[in-house]
Structures are given as structure tokens and as C-alpha cells.
């Protein structure tokens, strides 16, 4: 059994953003030399997500509006977590979008459907944050 | 280490449905011969889910009503993604229900609690779509 | 390849609670002797969650309020699942918070960001329930 690990770093200049990290994850997989196995990709921060969906800007706009409706940023004082912080909503948005994805590796490739792409979802940016890629297999 | 892969195909005649795929997944596991390890089961489409919950029709009705309230299909024009499409809500519903499950394999069985069953959640059906099962272990 | 399995038991005296189980999961990892691999931790019940977020009581209060707004317990009769039961809302809350987490193991440790902690989320307690920890690696 082989394992391979890589951390991806982000410093998003806005509070919220969706970044397609599929090429970075594919690069990790290539470097690992692993042909068959499982790949875990997770946010290492609790106000960010890693998720799989469509690389379509209209949809990303819709996600932004929808998440803001389900877990509004304002009024900041509505959340008890917001004592010296203003990111309680980011902890909620991240639960809906998820912390992690697990992807099958087959013949040295991410075993994906046609439109599957991996995204980093930032909900409390403007500082350096990390994503972990861990691969196990042969 | 052994790996095994199978794609399950669906062609749901309605827009939305929940299908119990536990017997299909158990069949994959049996064919793999793997006794100890991890099993990944994920939707290969971004408007569908794989999730674990109860096989109870009342609950499935409640999920349908609840998801429609959190991410309504109508009005279709409320979503920017819906240019030549009408499935933006399906991309949201899938995020709440999840893309994938990872299940422990112990003694050649899915290591499940009493009521755990695996479902395919279709939110934009009426066409052929796939689920991936990938198993690693020994 | 090595595998290790442990069940953690809970008997939460209230309907809902969030319990930090990170020390229990770390104890399983130590006992497994596994240094590199993946760890799955999942609720074995369909009205409970395992998730990763912050160990901060203000945030846990905010989650409780937020989940109750998205999937209210009352009126119990609003859910078809509630025939001889009153836990339909718990099945919804669990989908938002998630069934499971998969964690990378590196150098014999949970490969975590600074604030990541694993929680058992109970949404229908007052009875004995289980969490599964399954570890594979070397």
C-alpha cells in the first residue's frame, strides 16, 4: 500500500468564493504514482468546504444567494459565536456544502462523471487557509 | 490490497425519486471478495445524491416536501443557472443530501447499524445516470 | 494493509446534544498501531451525525437554533414519518450535519487543521446509540 499527502494553500481576498481545485488534485494524484485506491480531499478549516459540483458561474451565484438565505451573515449579533468574531454563518454554510470529498482512483485517474469538478468553498477568507489531499492505494 | 469497481445505472422516469440500492451495493461487495476495508458509493452526476437513511415511505415523502421548501424548483427563472436548463434546484438539493457515502467493510459485510440503508436520490431524472461503487481492502 | 474497528456507545439523557469524541477516536487510532491511512467515523443511527467543526459552546447553541429553524421538531404531525414516532426532524437535521467523516492519518496522528474536532451530534437521544470507527492503512 502506498500513501501520498499534499497541502494546498489559499489566500482568498474576499470573504466568500468558489475555486476549482481539480487540476491541483489531479497533479497530486500524478505525483503519488497511485493507480488504484481512494483520494480524500478536505478543508482543514471549519469555515470552508471541499465539494464536488458543476463549474458554472451562474450556479455559483445561485449557491451564494441560497446559502445566504439559509444561513445569513447579518445580523452578526444573532449568533452567540460572534463574540470578537463575525463568522458564525460561515460555520453553517460549510455544514451544508460539506467538509470533504472522497474520490475513487481507477487507472491512475480521478474516477469522475462528466461534469464532476472539485471546489474549495471559502466562507471566511482574507487569510491563509489549507486543504489536505491524502491518497491511499497501489 | 485489492480494489473493485462497479457502475450502477439508473433511468428514473420521474424528476425526483429515492431508490434503495443496498442490495446492489451488497452484490458488488460479494463479487469483490473483499472482507476488510472501505467502500465508497457516490453519484457520478451533480444533480443526484447517494445517502444513508431509513427505508420508510413516510420519511421519503417528508424529505421531498422539506427539500422543496429549502430549495424550491419554481420559479425556475429565480436561478441564473437556469439558462436552457431548469435543474438549478437539483444542484442545491444534492448538496443537502450529499454526493457520497463511505461504509466500513467488516467480515465481508457492510458494517451497518440496524436501520442504515443506502439510497440513490434523483433530483433531475428522466435520463440515464450512474452511481460508482469502489471498494478497497483485503 | 491493517484494519482496526471500534464501536463507541452513547446514552445521551436529552433529545439533542453535541459531544466532542476526538479523544475517543484518537484512542482508537493509537490502539490500531496504524501510522498512514484513512479513518472513517460514522453514526450507526439515522437520527444522529458525526461531523467536524469547532468546540465552542456559543457555536453549538447557534447550530441548535439554526437546525431547529431549518427542520423544526414541532408540529410533530407535520411529518408523515411521525406515526408512533416523533423524530422525523432528527432525520432531516442529520442530513444537514452529515453521517460520517473521513480523516487522513499521517505519522500516526489525525491529520487535522488547528481547530478541527470530531463531534457526535445527537438529534433523538434518551437511548443507547453507537458510532463506528474503522481505520485502514499501515
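Labels for the chains are A, B and C, by order of writing; each one numbers its residues from 1.
We take it that a contact is a pair of C-beta atoms (placed from the backbone, for glycine too) under 8 Å apart; a residue touches a chain by one contact, two chains touch by 3 or more.
The shown structure was predicted, so the numbers you read here are calculated from the model rather than taken from an experiment.
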Interface sides of chain A and chain B: same vs different residues, half threshold: different
Copies chain A and chain C - rotation angle from C-alpha fit, nearest 5 degrees: 120
Mean-CA-position distance for chain B and chain A (Å): 20
Chain A: positions in contact with at least two other chains: 1, 38, 70, 96, 98, 102, 136
Residues of chain B touching chain A in the complex: 1, 3, 5, 38, 40, 42-46, 70-71, 79-83, 88, 91-92, 94-96, 98-100, 102, 130, 132, 134, 136
Parts of chain A lying in touch with chain B, wherever the complex brings them together: 1, 36-38, 51-54, 56-59, 61-63, 66, 70, 96-98, 101-104, 106, 111-116, 136-138
